[in-house]
Structure formats: C-alpha cells, structure tokens
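Following this message is one structure expressed as structure tokens.
Labels run A, B, C and D following the written order; every chain starts at residue 1.
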Amino acid sequence: MIRLSLYIYRNPILHFVSSPISTSLSLLTLSLQFEVQMSFAKKEYEFLKEIGLGPHNLGCYASGVWRGNGPVITSINPSNNQAIAEVTEASTEDYEEGMKACFEAAKTWMQIPAPKRGEIVRQIGDALRAKLQQLGRLVSLEMGKILAEGIGEVQEIIDMCDFAVGLSRQLNGSIIPSERPNHMMLEMWNPLGIVGVITAFNFPCAVLGWNACLALVCGDCVVWKGAPTTPLITIAMTKIVAGVLEKNNLPGAIFTSFCGGAEIGQAIAKDTRIPLVSFTGSSKVGLMVQKTVNERFGKCLLELSGNNAIIVMDDADIQLAARSVLFAAVGTAGQRCTTCRRLLLHESIYQRVLDQLLEVYKQVKIGDPLLSGTLLGPLHTRAARENFEKGIEIIKSQACTYFLAVSKNGGKILTGGSAIESEGNFVQPTIVEISPNADVVKEELFAPVLYVMKFQTLKEAIEINNSVPQGLSSSMFTHKPEVIFKWIG
Amino acid sequence: MIRLSLYIYRNPILHFVSSPISTSLSLLTLSLQFEVQMSFAKKEYEFLKEIGLGPHNLGCYASGVWRGNGPVITSINPSNNQAIAEVTEASTEDYEEGMKACFEAAKTWMQIPAPKRGEIVRQIGDALRAKLQQLGRLVSLEMGKILAEGIGEVQEIIDMCDFAVGLSRQLNGSIIPSERPNHMMLEMWNPLGIVGVITAFNFPCAVLGWNACLALVCGDCVVWKGAPTTPLITIAMTKIVAGVLEKNNLPGAIFTSFCGGAEIGQAIAKDTRIPLVSFTGSSKVGLMVQKTVNERFGKCLLELSGNNAIIVMDDADIQLAARSVLFAAVGTAGQRCTTCRRLLLHESIYQRVLDQLLEVYKQVKIGDPLLSGTLLGPLHTRAARENFEKGIEIIKSQACTYFLAVSKNGGKILTGGSAIESEGNFVQPTIVEISPNADVVKEELFAPVLYVMKFQTLKEAIEINNSVPQGLSSSMFTHKPEVIFKWIG
Amino acid sequence: MIRLSLYIYRNPILHFVSSPISTSLSLLTLSLQFEVQMSFAKKEYEFLKEIGLGPHNLGCYASGVWRGNGPVITSINPSNNQAIAEVTEASTEDYEEGMKACFEAAKTWMQIPAPKRGEIVRQIGDALRAKLQQLGRLVSLEMGKILAEGIGEVQEIIDMCDFAVGLSRQLNGSIIPSERPNHMMLEMWNPLGIVGVITAFNFPCAVLGWNACLALVCGDCVVWKGAPTTPLITIAMTKIVAGVLEKNNLPGAIFTSFCGGAEIGQAIAKDTRIPLVSFTGSSKVGLMVQKTVNERFGKCLLELSGNNAIIVMDDADIQLAARSVLFAAVGTAGQRCTTCRRLLLHESIYQRVLDQLLEVYKQVKIGDPLLSGTLLGPLHTRAARENFEKGIEIIKSQACTYFLAVSKNGGKILTGGSAIESEGNFVQPTIVEISPNADVVKEELFAPVLYVMKFQTLKEAIEINNSVPQGLSSSMFTHKPEVIFKWIG
Amino acid sequence: MIRLSLYIYRNPILHFVSSPISTSLSLLTLSLQFEVQMSFAKKEYEFLKEIGLGPHNLGCYASGVWRGNGPVITSINPSNNQAIAEVTEASTEDYEEGMKACFEAAKTWMQIPAPKRGEIVRQIGDALRAKLQQLGRLVSLEMGKILAEGIGEVQEIIDMCDFAVGLSRQLNGSIIPSERPNHMMLEMWNPLGIVGVITAFNFPCAVLGWNACLALVCGDCVVWKGAPTTPLITIAMTKIVAGVLEKNNLPGAIFTSFCGGAEIGQAIAKDTRIPLVSFTGSSKVGLMVQKTVNERFGKCLLELSGNNAIIVMDDADIQLAARSVLFAAVGTAGQRCTTCRRLLLHESIYQRVLDQLLEVYKQVKIGDPLLSGTLLGPLHTRAARENFEKGIEIIKSQACTYFLAVSKNGGKILTGGSAIESEGNFVQPTIVEISPNADVVKEELFAPVLYVMKFQTLKEAIEINNSVPQGLSSSMFTHKPEVIFKWIG
C-alpha cells in the first residue's frame, strides 16, 4: 500500500537543462545548489537548511529528481502571516512524468522481498529519528501546532516505521483446505502497485506515515500530495525518504511527491494507474474524491470530518475529566478530526465541571507555538480565523426551541468567542452553552469551540452523542464497569 | 488431534464366536442382542436402552466392533451405592488390537478433506442433540451431578461440535514472504495421527468433547479411555460417535474407546503411535503421564488440580457474590477442578457476606440428583465420602500460629462438616473459617468444603490468592474498573 | 451484517381486510389459505407446495407477515416460457412498513449473544437441509440451471450456515497494549444494524447465503431483494428462514424480504437505515448502486462482471484442460460471473486442445435442466437468447487488423453460433476463434460463448489475460511449479 | 518471555574487594579496568576490545554488574587449540544473587508498556548493528564457523529484534462474545516473569535472539546460560544488551547472563522462579532438562537433535541439488541441527548426482574460518574431532544385511573419512555410501559426514526419510507440483 515518489529533475534557474538527467548527475547538481542557495528571510528559519530546505524550493520529487514547473507559492507562518519560503508546485506535465516513472518503479518495488522492503522502511524510520527535532519544529512553524505536538507527529511516523518493519515479515497468505480430496487453495496478497495519498494541513506528516509505511512494506509505490499550505513539510519529509531510497540504489520514483492543489488531487483521483487512493480532509471533498475513484473501479480510504463528544457521568473523576476536555477541545487549536466539539455533562455535576473548565481555560497560554509553555497556537490560515468569527455569529443567532431555559436566543458564550488582534491567526478558546438540537452543533467548526450540554440519563447522552451526522470518536468518563461495557457495545 | 475408536466384536455369552467378524454381521448380532437382552435391575434404568446400554455391556469399541476381554466391573449409582449395570473392560490384547486398527484408520482419516471431517463432526453433534435428555440423565445417574449439570455437560459437547465444524474450514496454513527474491515459504498443518484422551469421572463427557471434536476436524483419530467409575457414559458416548462413522461408511477405528483402569492409561502414555496425549485428572497422576509421554518425545495436554479463590471487595454486590459463591463451591458437590475452595472477604464486608452465605447454605436441597429441585447430589464414590471425613478431621486439628484470633486450634466449622447417614455418598456443604496459612488450605479436598478468610487490601488478597501451588481460575467481585484491570493484568 | 425480514400480512383477495393484523392471526389465515389454494397449472409443479409455494404468492415478508401490494408478476419457466406461478411484488408502502419493523428488530437482534445467533443460523441450515431436493429443483425450474447445479447452490448456503455457526463464537474484539503505562485499548466489533442484499438471477440463493449467514451471526438484520425473474426462489428461501425465526419466537422482521424491481433496489441504495449494501449484478448497475450508497456515507460490497480466461501451457494435461474448459464455459449456460469466456492456448498445443474441445462440445446434451443427463439448460430469459444472437452477429462482423491470419473478417465460429428453435431459450454452446484485440472480446456476453486465442510465451498470455477491464478469476494449466508461483504472484 | 542479566561485580584480581558494591562504583571500576587491562596474547585478537572483551573476563552479569566467583576457564580457538582469553565462570552464589535481582527486576519490566519494551529491543538491534563485524568475527573465532556464517548469525538476532519491535504492538488479548446476554469474556496475555535460555555452542548467539527478543517484548526477563566453550560470545552479547539497559536507566538484572556448565544449567532447570526454560542441545540432555522442569510444573521449549534428509527425484535440477547438498552437509562443519546427514537419490540419477557431488567436495577449501574463501572450518573441539574418527570406524565396521550390493562389509567411504593433521580440529568432508537400514544412519554424528542412499519410488523415499527417530527438517528436489504438494501434506 505504499507509493513511489518520482521527480524528474529540471533546474528552474538554468532553463537550458530541459531533459531528464540521470540521478547521479542530479544529485551532484542538488548538492551544489545547497551550497550556493540564498539565506532565509529570518535567521530563525536557518534550521530548515538541516532538513534540505532553502528560501526557494522545487515542489515535486518525480522519477527520483527534484523538479517543479507549476505556480510558485509562498509558505506562510500562521503566527504572523509572513513568508517562510517559496515553493514551485507541480504542473500537470510534472505529474504525468512523475506518474510514468512511478508506474515503472512499481514493477521493481513489488519484486523486492517484503522483508527487504521492511529494511528500507526501517532506514526511513532511522533517518526521521535523526531529524526529529528539526522536522517537529517545521511542523510547528508551518502548520501552527505547538512544538510538543509537532514533534509528536513526527514520532508517530517513526513508530509507524517500526511497526511496519515487523509487519514486513507477516504479510502471510493462506493455504486453505479444500472440500475436494487432494486439492487445496492458496491465497496470496499481491501488491496493488501504486497507492495515492492525499493529506490535509492539520496532520501534514503523521497521516502520510500511516499510509506510506504500510503501502511500502506491502510492495506498493506511493504518490503523495500534501496540503497546499504545508509544502515545506511535504518537501522535507520527501527528502528524508528520497535519501534512503537513493542510498540503497533504489529508484526514487518508488516515492513520488507533489506539492500542488486541487488539480493534482483530481489527477490522482482519476488516474487508473492508482488502484487505491487514501484521502484525508473534509467530508465534502472526500465524497468527490470517492466518486471519481469509484467510477474507475478504484478503491478509497477516507478519513473525513468528526464531531466528537465527551460524556461525563455523575460518578466521574471531575479533575481528570476537565484536564482531558481541555486537551481534547483546545489541542491543535481545535483543528483535529478527533477534536472534542461537544461536552455532554450529567446534570448533577454540570456546574462543577463547567466551573473547573472555565478556570483551566483562563490559564491557557496563547501564542507562538514554538515557544515553550504555549498551549494554543494560531489557526492555520487567515481564512480559518475568519471562519471562526462567522461561526461565532451563527452560534449567537441560532434560536433553539427545544431547550428554552438555556438558549432562547442562541448559544450562550461562556468564555472566549473572539479572534485575537495580532499579525497571526490567533483566536480565543471558546465554550458555548447550547442545546444539542441547535443546527450549528451538527456541523464541524474547525476551531477551538466547545459546545456544552446537559443530560439526565445515559440513554439520553448516547442519543445526543449519536445525533450528529459525522461521528468518529467519543469518550466517556465514569467508574462504573456496567456503563463502560454498555458504552463500548 | 482426533482419535479412532476401534472395537473388535466378541460376544461374551456365545463364546463359540471366537474370531473377529465383519462389521455388518456384528451389527446384526448387536441389534439382535438388544432385543433378547435381560432387563435392568430397576425399571428407572430402562431409558438406558434408548442409548444402547443394557444390564451387561462390552467396554471397548475397537476396529469398529464391540468387544471386551478384561475384568467385569459394576457401574454404581452414587446415590445409593447399588449396581446400575455391568461392563466388561478392555484387556491388554483388546488394547493392542484396537490400536493396530486405529493406526491404520489414521491413514484414511487424514486423507479426508477437513470440511468433510467437519461434516462428520456436525452429524455427531446432531446425533448427540437427538439423545441429549437420555445422555444427560445418564451423566447424573452414574456420576452423581444434578440433572441440569448432566444435561449441560452433554450440551457442551454439542456446542463443541458446532464450533469445530466452523473450524474445519479454517485450518489454514501460511504462505510466508521470504527475504530471498523469488522464494516463499509454505507452512501447513498436518494431522498428528492419533490423539489419546484420558478423562476423569467429574466431567465424563464434556472433556472428551473438547479434545475429540478438535482432534477429529484436524484429521486425527481419537483413542479414549474414560474413568473406570463412569463406564456407561463412555460406552453410550462411543455408541453415538460409532453410529455416525458407520452410517458414513467410515472405519469405526477412527474413534477407539476403552473402558479400563491404570493399565490402559499407562499403555496410552507409553504408546509411540500416539503423539499427543490429553490427560485430565489429579496433578500426581498427570505428572506421571507427562513423564512417560515425554520420555518417548510425545506431547501432553494436562488439565489438573485447582484451588480456586473468589475475592469479594468492599464495594461488591453482596447478594450477587453470595449466590455465585454457592454455585461455585457447592455445584457438582465441589468436584470440579474449578470449584471455589477459598473465599477471600474484605474485612469490612466479611460478616455480612458470611451471614448471607450461611443463610443460603441452609436452604441447599441435598438428595437424588435426578430429582428436580436438588442442588447438591452425592459425592461420586464411597471413598470420596470417607476422604471428606478425613479432611474435616485434619481441618479441625490443624493448628495455625499466624492467624490466632480465628483458629488457634484449627479451622472453625461454621456450617456442615459431616457426612449424611444414608445408602449414598452424601455430605453436608461445609464452610470453614481458617487462616490462609493453614497447610490444609494449600491442598485440594475434592468435596464441597469452602475456606473463608479475611483480608484488608487488594495486594494482600492477591498474595493469598497466589499462595497455593495449584492455581487455575479465580474470580473477583467489585465495581471498580481500576481494580478489574489490575486484576486481569 | 444481518437483516430482518418483515411482512405485514394483507390478504390480496379478501380486500376488506385492510389493516395490518397480528402475526398469530395472519399465520392462522396463512395455514388456512394453504389448504384452500388452487392447484398449479402443471402437476409437475406440485412439489412446490412442500416449500410453501402456491399458484399465487405474496412477494414480501415484512414485520414477520406475508404481504404484497405491488404489481402482480408471473414467474416463467425458461425451458418453455410458460408460467409457473404468480407473485404479487412489494409496493413502496410495503417497503417502508417492512423497513420500519426491520429497524426496530435490529435493536433486539444485536442484543442477542453471538453464539445464540449462531444457533439460529444452525437451525436455518438444518431447515434448508430438510428441503434440499425441493429447493434445488425450484432453482433449476425457475432459473434454468441443471439440477446438479441447482442442488449445489442450495448446498452452498447450508455450508455457509455451518461455517457461520463456528464464526459466531469467534467474533473477538482485541485488547491492545498501549504505550502509556496502566492504559490499554479495547477494540470491539459492533453490529452495523441492517445489511441490504440485492442478488441476481444467476445465483438466486447462494449469494444470499454468503451475505445473510455472516450478517446474521454478526448481529445484523437482513433486507433481501432477489432478482425480479426468480421470485419463487426468493419466497421459498424466505419461508425457510421465517419458519426458524418464528419457531424461536424471534421477530420475523429480522429477515425482511422483498420481491420487486429497480424501484425497491433504489430504495435500498438510498435508505440511510441500511449502512451496508451488498450488490451482485452488472458492473453498470453496481456502479450506480455504489454511487447512491456512498453519497449517504454507506458502504458497498460489489460482486460484478467477469471476463475470465483459462491459459493452457504447452506442458498441460490436455484431457484435463478440455474437460475443465467445458465445465467452465458451458456450465450454467455461460451465465456465471466466473464463466470462462476466453481460452488462451499455447501455439504448440493449440490445435490439439481445440480438436478435443470441439469433440466434447458435440456431446453436450442440451435440454430440460431437470432431466438427468442434461448438461446445458436454457438461457434465463427470451431477452438473453436475443442478446446471444445479437452478440454472434457482432462477433462475425468484427474486423480485427492485428491478427490477420485468423480473423480477417471477424471472429470465426468453430462450433455452435445459433439459437435453437424451441419454446424455450436454448442456444448452442459456441466456440469462436478470434484475436485478443477484437473489441467484442473485452465485453461480457452472458452466454456460452468461448473465444479461443493463441499465444507464444507466458508473458504474452498474462498480458492478454490482463487486457480486459473486468477481471475476476483466471486459471492456468501447467505442471511447472515456477510457472504456478509466478502466476499467483 | 525475557530474562534479566544481573551481575554483582567483584574484582578477581584485587581480592580485598570482597563484598558486592553498587552498580555505579562497579561501572567506574570497570571502565578503569578496560584501560589498564593487559593485551591479548595475539595481536589479531585486539578487535575483541571493541566489543568489551579483554584477556581476562568476568563471566556473569548479575544485578546489573559484572562478577564471577566460579572456576576460571580458557576460551580456545578451534583452528589451533590455543587460548583466546580467560573467563571466570559463575559460582552457585553468583547464580543465586543474580536470580534474586532478576526476580525483582521482573516486577519492573512487566509493568513497562509493551511498545516501550519494543523500543528497548529496537535499541538492542541498533547496538548489535553497530558491532556486527566484530561480533561476527568473534563467532567465527571462538565457535569455528566461517566468517560469512558468523556474521549471518549476528544478523539473525538483528532481524529478530526488528521483528520483535513490530510484535510489541501486537500482543493483543481478546474480547470474546459470551453465550450469556450482557456478558463478555476478556482474555489477556500476561508475562510469565522470567524465561531461562540455555544455548548450545553451534549457534552461540542466534538462538539467544530467537528466545530473548520475544521474551523481552512479552514482558519477561531473561536468564541466559551460553555454552561453556563459547563464553566470550556470551559476554560480548550480554555487554551489548547491558549497555542498552543501562543507557535507558533500566535494571541490568532484566537480562541476567551466566557463563558456566552443567551446574548452572541444572540450577535453571530446577528454579521455580523460571516458569519457562528454552533449551537447545542434545536430545539426551534436553530430555533431562524437560523432566526436571516438568516436575516443578514448569514449561519447556526444546530444540534438539536432527537427522535430516534431502531427497532428489529423477526430474530434479541436478546442478542445483548438488550445490544445495554441499551447503547443507558441509556448512558449519556439519554441526547444525539442520545439517543434511542423509542424501536419498532416485536410482535413475544416483550416479550423476554422486559424480557431481564428489567433484564439488574436492574443491572445498578447508582452513581458518576467518580467511576469505574458506568453506569448511574446524570442528568445535578436539573431542568433536575424536568423535568424528570414532564415527568413521563404526561406519566402516557396520554390517548391513538388507542392502548387500552396496555395503556387505559396512559403509563405503567415497570421499574424505579422515581427520586432518594440524594444530586445529579439522576433518575431511565425507561421503559414505550405506544402506538406510544401517544402525549408524539412525544416529546423529555431529560432523560433515553425508550418507548417500538409493531409492526407486517416492513412497520408498518418504519411508526412508521417516525411518530415523530424530526428524527435524527435510528437503526435496523436484519439478512436479503433485510431488511437492504430496510432500508437504
């Protein structure tokens, strides 16, 4: 289930190098380029050079060389909306040349014994381990999540690598007894060929890891399109993988990676050379991708929206619950698919939990995600900040006839509710008292906004929990085993 | 993992039929014999005819025919110590002839596709289902457990049959990726050939089911030796299996069964034709069997003694605990390997649980296990009853220096403690207050005797629980999930 | 993965019974109806009464009673295009009432322990076993496949039942070690609720078995829509299942079944109460179903077209290959998704295999599928027969520039090629010599038409094999292990 | 399944340090010792310092420190029977102190989450990787196998580490559906505590890897006793593991390791603190270990003798077969449990295979295993060489009545048959023509002696293959799939 990253190298400055050149030559040029490249605008970005990034970067790795003939975009720091570096995205031609090489490389990769593929993935894990700090720092810088989370995300791929190495010796087929004498059936797992991975801005590298590590040990090449707003992470991660492939004299095209937008995403969805597409992002786009992939009889793995609840029962450890809710609702600035968006409190402890929560919300340190002590970084883009503000307006206006006592005139904002005046995209962590029936509650507002609701019985809590269309993950705080086991089914 | 049951038929009355005769002829004679055979001593035993038993029975099924040239023994009703019927056990020659045929039949049976073997096991399940009431009744009559338990035991084999049928299509081997290019490894499960099953009196048919159902679908023949005191169950069960084999034109020797004592058991343990021996019984004998089997590089499955505890925590549902303890300590008259022998009560609820327990113990109806309403039948043999009496003497005398308050002069009998005057082997259900350190507590008294002990902390309770050499199963009553998960590890 | 079958009974003749009545009453009426119902048009259909069918039948089982308010259709015998019996299909209202009850029954069914659900499936298997001959005969009669295949199809569900019974004790969740101390993760399988099963005419009951047996043990209710041209099989199968549910005092709505056409199929695809839809049929319709189901975030299991090849290598056992090709190409009159449509012969044995094949094709006995000795029954409908004739025209006309020697002016018909003059839908088994590149070869003609092609190398054969869009199953005849293992990957 | 290695440091030279001292102090002393320690006798042994070995070494790692109070032994180079270095073995007191600490450490280790234990094993793998060349060289030097095999053996543990890391996230328990409503069963894997590993001279480190890697991720401490003749490997391997434990601030006692002989082996077998003992070695000793372990209700994993055959069918690729036989019979100087000892040749190709084999045997380069090009190193000890000579005498004398043509007066030596005059333990690779019925063929002569035999049918070959008591691995050379699948069952 993995993909190849193939990059036909074309020097964007020296335009006379017009045709693909050999890997060894391109590497030579590449190393050269590293030395002459200009400095970053800010000194604090200099660490990016340690993971192969410069102020200008080619955004696609195709056929084992770096190239880029699409639009030049700027990677923005969400803490101040200033540029970090420039990236030349993939053009349609880049995509096509990359895919051709990837398709060829797939024939090579699937012939390599699974345990040997596992060894490559092990080396990728080790290469990531060596650059854990820098990669984690870049995730914080470009995506906006706090440093601990940035490093944690890179660690997650490392763990996936370790796990996948073990799996590389367990991809067993079956020998099945037949009901006919002297017959038996053999069942084997053959690689699909190429796996397409389209990831979102909020987990710009962990999600790649889940997909690519398994795909690679399974004998599949990987084609990756990262989010258009996190191109530096896409490039840095790809450089790590590319380095390992090159060191092992394997075609770089085994891992093909494109910086780009919807056009590249659609190309992947339509491409019959890619039997499986893994997509992470909004339900709306996910549905479109699935439709396109299915029409050509391809398969999809979708990781879409969530609207997750935490239920706190009357016997819960309230301190533990409050701490967990804070982490679940405010972490990654509410931009996880698993962010807790709805808090269901038993009426008997409703006020106590709420009081505790308001207390801890006050102490949340907002600011530069790279600074130690920061708990809440900025939203990823200026547009996300505006979306937050629009969402707050809707919350306030939303009338709700079912739950009159609490919200006759819309949701009541208990804390937060405003964007923060600054160069960056910072907003206040927000708690809203609202009816479970309000329409806005059924939608996914990708920001640190938590809806609190009251319930009387477990049955009612489970019904509220299940009353939204998205679902994904839910939690419950209780000490009662009978409730726990009812909860999990 | 299955065995063959082979019986060379010899008519014990008409001695001039001296040589083995063909199956079809023997069946004819058998049916004839059924009609002319004398009646049982008691009218209430007449139902045994419906499952192929008479007042005199041949005790070995070898090579597909019934025979028996060993000693004639009498099956005894433990409720009144009177005879039920006679059985001629297997002689050493019977064993050898049976094993020869079984060894031959193994070659046939392992060639039959696993799903077809599953179909045979399915038919065995259906044949048992048709005689569930009679077989359950026989288990109660000959072993002494109450009717619900007798029927439950037969149902357990039926369930095993259903389960094994499903398994017969899942005995998959593996195709394992090699680290060498163009190589792969195939791993297949081949039948062992013959599985020996030696069962005990307390579960005279369920334990056969666990072993034989799996063995048969795995392609192994089965050689079964039941307990010497439950020969009628051995014969009745074998007749069910034999009937299915014969109906499907398969060699009866696929399932070979011997009534007999230690001599047959030793023969099985020593027999190099039996690569796997499953033994259920005492730790002492089990150890001897294992040693013998291992010396010839055979494998053993042992199901030996237990000395099980129930821990009741301070937050437990006391009513539920008391009911469960009653069932666990008194059920099957304390003759299960999983019988609860030690009750560990938290000091804060010690007296309340004890009071409840003494109350429910008073209501236990003792008597004929076949009568509806009976909760406690007789011990299996007169010897077991004497053993109970000896055990009570030891309990009373056992000094214990560690736990002075409770038992300066030995265990204190809170209820029960005596055998009941009657023709049968009935004893009173007994509760003893005693120190966990008393030597007698570390032994397995196979009778309805429950030792109660007090503890203060979970840690202490777990230490007491683990302080006996036998172990097997333990339970805990609590509502706290943290205790539950600590408990299970 | 199971479904409920719910039928609100309304007598279609006595129209004054206008409202749903209770199950017990309806059953009474039903039994009564059986006695007074008119005879079948032909005496040879009388056996259908043994499986609950009459000349007029209600076509939906909803809420545990039989009803039908849609159009009245006639089930046709493909051997003579005469009526077998009439069926009143489900109306949209029938569907809605049935689904409401099914949705309620799902709450009951998922609460029943899995092994108990397995026991219900076991009883269904036994009930089918008791009517194996009649059900198999009905499959032959209404679908048109030969009797051995009809009985084989019913046997397939019986086998699935046995297998599913075993699975009902193996639906294990996982306890996964966490990397956090004192934490662990529990993973459980919860039922989906309702599984929709839409089956095709060619396997009118086996495909139900694959889906329904697993769904039921998994705790899901089943909603079944059979093919519009095999309503009697749908009704007879449903009666078997309904009988078991009723005997066990379970809501009949656990298994809900509708005779009907595209309207009912679309209703299932759109129904948000049905999280999983299993569809078997053409790729075109399957794609539409998938799109509809995906739009509501439902899941699909698709079993669509096939265009299967058999490759015969130069070292193959030619006699074995010829026999197998006959069975694969002519069996079920070429109306299996796994029918062999393309025969790839190594040039060195091309003529020998072809000669053998033409010889065995001559001996194929065509006729009434219920007659012993018949090898080839009719196509399922008059339309299928016309389709065959159109296909033959296209084959003849198809020019092919790549493979001039063989088929300058289209495919060359070596044997067969015509429909047979008769009341039924019989056609000749046909062999066509044609280029692998001819357009018609890439399509699925659902009839006993076999395209033969020549190849020189294994590589070439695999390329031809993979050159059609459908794929599904392929076979190869060879003795060489290196070829076998290359073939399976 | 892992063990602790605990060593209380006592300086063997400075005898006034008589009592155990703390870990930190001992480490200090240890580092000091490294610097002052004398040089090796030969310059070519200097590389041993890179893996922590000196001319004098303490032979037990107990409680996280190095100690040794048993006899001082000398490690011998089998190529010249000269000393490599000295080792002070463990005394009984060392053993007891080590086990006490290991028993305590087990409580810590089993509490560490499995994925964290996996991380430790990953680090062990990396530490081994860093010293692969030196460790492989030591294996060749001390054991006598050629360098490629020495390095291969160390690589095998590295691979095991990688595999075990993956497993550390897959030690899943089960949640099993109960047949009782509202009940479910949880099944978890808890660590055993301590796993004892007793390894043999022929695979002085790979076998440790198989056992220890799995034991450690499973949460078990490891107690290792290596072979008395390969103490340097035991110490070097232990130093690698110890280094990782110390770096992670874990008790060294998690991995406890003893150099020693039968006394230590018996102590492990008897020790009730060690629930599982894995033993590799001769069948005779293995049986004794098993008996001792079983008597205390412990479990055993035995890896004992082998007497493996290669069957070459008439259609085999003879060149491939000859090369494989050479590797299988001569590799590791015939001192593998999987060494091919019997070559079964179909009569039609008997002479051709033999001729080829005699040809390749002539070219086998015998000599120092560390030299490139060497194919056959020395036997491990002088005693093994003498044993070879005795074996050859028996072969020559063994009369065999069944196979008169070939061996009227015993086995006929076709090549080899002598020890080589030298300082080392070199012997000639030997081929013997002999009857399969000769008694000597049924025994395991641990040397490069190959018995060749003729057969006529597959059935006969399989019978000969199965006619020895040991069995373990067998191979077959053929192209026929029907033979292959018959062969594997």
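The rule we apply is simple: a residue touches a chain if its C-beta (ideal position, glycine included) is under 8 Å from a C-beta of that chain, and two chains touch if they have at least 3 such contacts.
If you're wondering where the values come from, they're calculated on a predicted model, not measured in any experiment.
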Which chain pair is joined by more contacting C-beta pairs, B-D or A-D?
A-D
Using C-alpha centroids, which chain lies at the maximum separation from chain B?
A
Provide the C-alpha centroid distance between chain B and chain D, rounded to the nearest whole angstrom.
42
Using Cα averages as centroids, what's the distance between chain C and chain D in whole Å?
57
Could you tell me the distance, in whole angstrom, between the mean C-alpha positions of chain A and chain D?
46
Name the residues of chain B that each touch 2 or more other chains.
115, 159, 168-169, 179, 186, 188
Within the complex, chain B is touched by chain D residues 159, 179, 186, 188, 190, 283, 287, 290-291, 294-295, 297, 469, 488-489
Per the touch rule, the chain A residues reaching chain B in their complex are 111-116, 168-169, 171-181, 183, 186-188, 479-481, 484
Report the residues of chain A in contact with chain D in the complex, numbered from low to high.
115, 118-119, 122, 126, 159, 162-170, 184, 485
